[in-house]
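In what follows, chain A forms one complex with chain B and a second complex with chain C.
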Partner chain A sequence: MLFPPASGVGVTGGFIIKAPKVIRLLRKGCTNRPFYHIVVAVSGNHQSRPVIEQLGTYDPMPNEQNERLVSLNFERISYWIGNGVTFSTPTAQLLGLAGYLPIHPTSYISAWRNRQKLEEEKAKELEISEQKEANASQ
Partner chain B sequence: MCSLPLVFRNINTKKLTHNYIYRSLVYSSIHYDGKSDPGPLFFNEEVQSLLKLLTRIDYNKVFRKRKLGTKLLTKPDYQFMTDEQLKESINRARKKADVLLQIPPVVKVKEINPTILSKDSALKGLLTSKIVFTDITFGVQNADRIIVVRETDGTLQEADWQLRKRINQTYFPENGRLLKPPTMFQDTYLENLLDREEHEFVLDRACIQFDPDEPEYQRISSITYQHINEKNLFHLLRSTRHFGSLVFFLVWNKNIDNLLLDLIETSNVNEAAQLIALYSKIHNTEFDGDTVLEKVESFTKSASNKKGALELAIQAYKEVAKSKEQLEKGVNAAHGITEC
Partner chain C sequence: MLAVFRKLNLAGISLESINNSYVNLQSIRWRKPRCVPTAKSKRFRVPQTPILPEDEQIEIKRLFNNYRNHLKSVRRYLINKHSKIEETTHDPEELLKIINQDFERCSAINDKWNAEQKILREQRIAKQLEDDIKFAKQRIELELEKEQQSLERVEEIVRKQKEASVDFITAENIDKAIDQALAQETDYNFAVDINGEKLHGRETRPEKSEKKVALKQ
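So, the complex of A and B:
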């Protein structure tokens, strides 16, 4: 098979039935324009290998209305969960934000770090402005 | 140096002579957003049949050649047929026309208040833009599809209808519908189109672009109907699918005088009676009188806004009918036929 379909080739061969599988992102964009397919694949397979099934898409670049679009085939995702599939961290994060899985701890950690960073920046700005005022009064 | 200002002045006057500034539309949009829902009345069988009768179907207009750029023109095909075959093919054409003339539904403006599914303030700072999640499970209808939004402040809520429409169009595009509504529906362009009598084009395009329960659809259609009613351009929509909704709009808003006048002036008194029957059905009133004309007269007396003009038209119609009768009698007498 020279060009396997992006929608996946299904479970081919006997060894895939028992092989551990993972739902993960597969980069499909081009240079400077990331776009991801959400796919089921044999875990550990290289990203150039054909996937078992495509379950959705994820466009990480915000559109005109400042929205990022994610599409998910929940029926098939449920089926694969029933087959004992695992999730990569980014997909688990996305599914957590969608309200399908519990929210991933990584989401809470990065949210907390971002907030921390913002506060530090604000404190720095305040310091700089206070210093400027002090210099001006001298 | 002296000539420079003169040149500028010339340019300025030239610019002023062009009429670039359009006046804004004089019609205000009228929505079906009151307490009562027009849907059940519109889908009533009696009302539907009356609306279809008033459409006055002309098959030459229904099946006319339209240069939409979607089909190649083909040579006409002439066939010899027996009477039975002819009847069958006419029936087939009638069924086809019924499909083409299906009246766009008249329903109340929709109100969907998105429900909030969860609020998680610990997620504040994670996102710089919203994320929209769409369920693309096979075989789910556009209306039933699950579409949720994770806001930047961490709340998870259902998408409002504008977003739903945009997302459905992105993942499951409908033919002819654009992601952004075309500029022709903006006031200045819309008015230009209406002045060029392109009402059918406007309504057809609005039918594709919007759903019938969207406020934007009802704005555009109501403005178009008001323009037609004011300019007496009813012939533009006859034998099209939009005439039924036009009549329903006028009857619902108690503004049928122009249409009634048009019907009487063109001696279509039976249609006038059907219109009044529709009025009494929708507004639950009765107009007494045995003949068609008596009913029209009682309507003008009790419910009309243009009494004078309507009474004059009825009088004129009566005189024309009388003179026609006399002429017929004369012709009959000339042929030697006398009534017993």
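So, the complex of A and C:
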């Protein structure tokens, strides 16, 4: 068995044409170094199966400039969404943050939860510092 | 079993790589196989459902509803722009034309196949008829032979009877036969003596044996 091309094998055969398809992330890194391809695949297929088409990449680890890089092929994504594919939540989040789709609710949720956490920490710090000042004045 | 899988995983060995006959190895990201049961430490774990405050729940619901609505309109727009299904024509005349063309194509294939089958069928039927005629002829020959044999058998019986009929008593020679029968009187009665010898006739007497010699002294 030869390695299928990472960029996808294209739509072949009658079965795949009618099968439900999905845009999803496909993990391609190695241990402790995640890297994802954004691909169109038959929705039930295992991750080891050849994909139909690669639509982009996503590197979740920040680089030297503290950037997390995403590349997306919007033409093909438009085409595939126009032909009725669904997409997974992480992909929807990425597309939302890219400004292509409306921002996904989970992005909002995680954002406000992070804010909440930050505020709580700040309040805690403030409380500790006030307590320290009070102790020093006594 | 899980321990084996885990050790293999830790050592970075996939199950495929154990078999050296694989020419092109392809590693698959490891997952716990479905046959392996829940881990012992996790067996009685009850996952806790997060309890959200009510206002947050309402907010999340609103966000998702909005998102779905927006997505629907985006999807509608892209479908109108790109869909292959939408591209196909809905004009009834055009559709009828396409259907007719398709039917003609299919019909041509069918006709061709029918013609091929017709030749084969005719060949087959001709051969079958020939075979049947041959078989019938054979049967006729066999039957004739059988008839001949039975005729011969019957004639043999008749011949034997004719030969035997010389001694038969008929109307012409019945008086003679009666006279002969009366002249030759036969008595079938008999008796058996001590030695097992037959004494034919009613009136026959055994021959007188010699006088017994007294052994007494």
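Convention: the second predicted complex is superposed on the first by the 135 of 138 C-alpha atoms of A that agree within 3 Å, B and C clash if a C-alpha of one lies under 4 Å from a C-alpha of the other, contacts with A are read in each partner's own complex, and residues count from 1 in each chain.
Heads up, the rule we're going with is that a residue touches a chain if its C-beta (ideal position, glycine included) is under 8 Å from a C-beta of that chain, and two chains touch if they have at least 3 such contacts.
Since this is a predicted model, take the numbers as computed values, not measurements.
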Fit or clash between chain C and chain B when superposed on chain A: fit
Touched partner set for A:Ala98, first chain B, second chain C, both or neither: first
Which superposed partner A:Leu72 touches (first chain B, second chain C, both, neither): first
Contacts of A:Tyr108 with chain B and chain C, given as first, second, both or neither: both
Touching partner for A:Ser48 - first (chain B), second (chain C), both, neither: second
Chain B versus chain C as contact partner of A:Pro62, first or second or both or neither: first
Larger contact residue set on chain A - chain B or chain C: B
Touching partner for A:Phe15 - first (chain B), second (chain C), both, neither: neither
Where the C-alpha centre of chain A sits as vertex, the angle toward chain B and chain C in the overlay (nearest 10 degrees): 120
Overlay on chain A, chain C to chain B nearest C-alpha distance, Å: 12
Footprint overlap on chain A, where chain B in one structure and chain C in the other make contact: 103, 108
Sites on chain A touched by chain C in the complex: 1-3, 27, 46-48, 78-79, 81-84, 101-105, 108-109
Touching residues (chain side chain B, partner chain A) in the complex: 117-118, 120, 122-126, 128-138, 146, 148-150, 154, 156, 163, 167, 170-171
Interface residues, chain C side, partner chain A - complex: 24, 26, 28-29, 60, 63-64, 66-67, 70-71, 74-75, 78-85
Chain B-touching residues of chain A, taken from the complex the two chains share: 56, 62, 66-76, 94, 97-99, 103, 107-108, 110-112, 114-115, 118
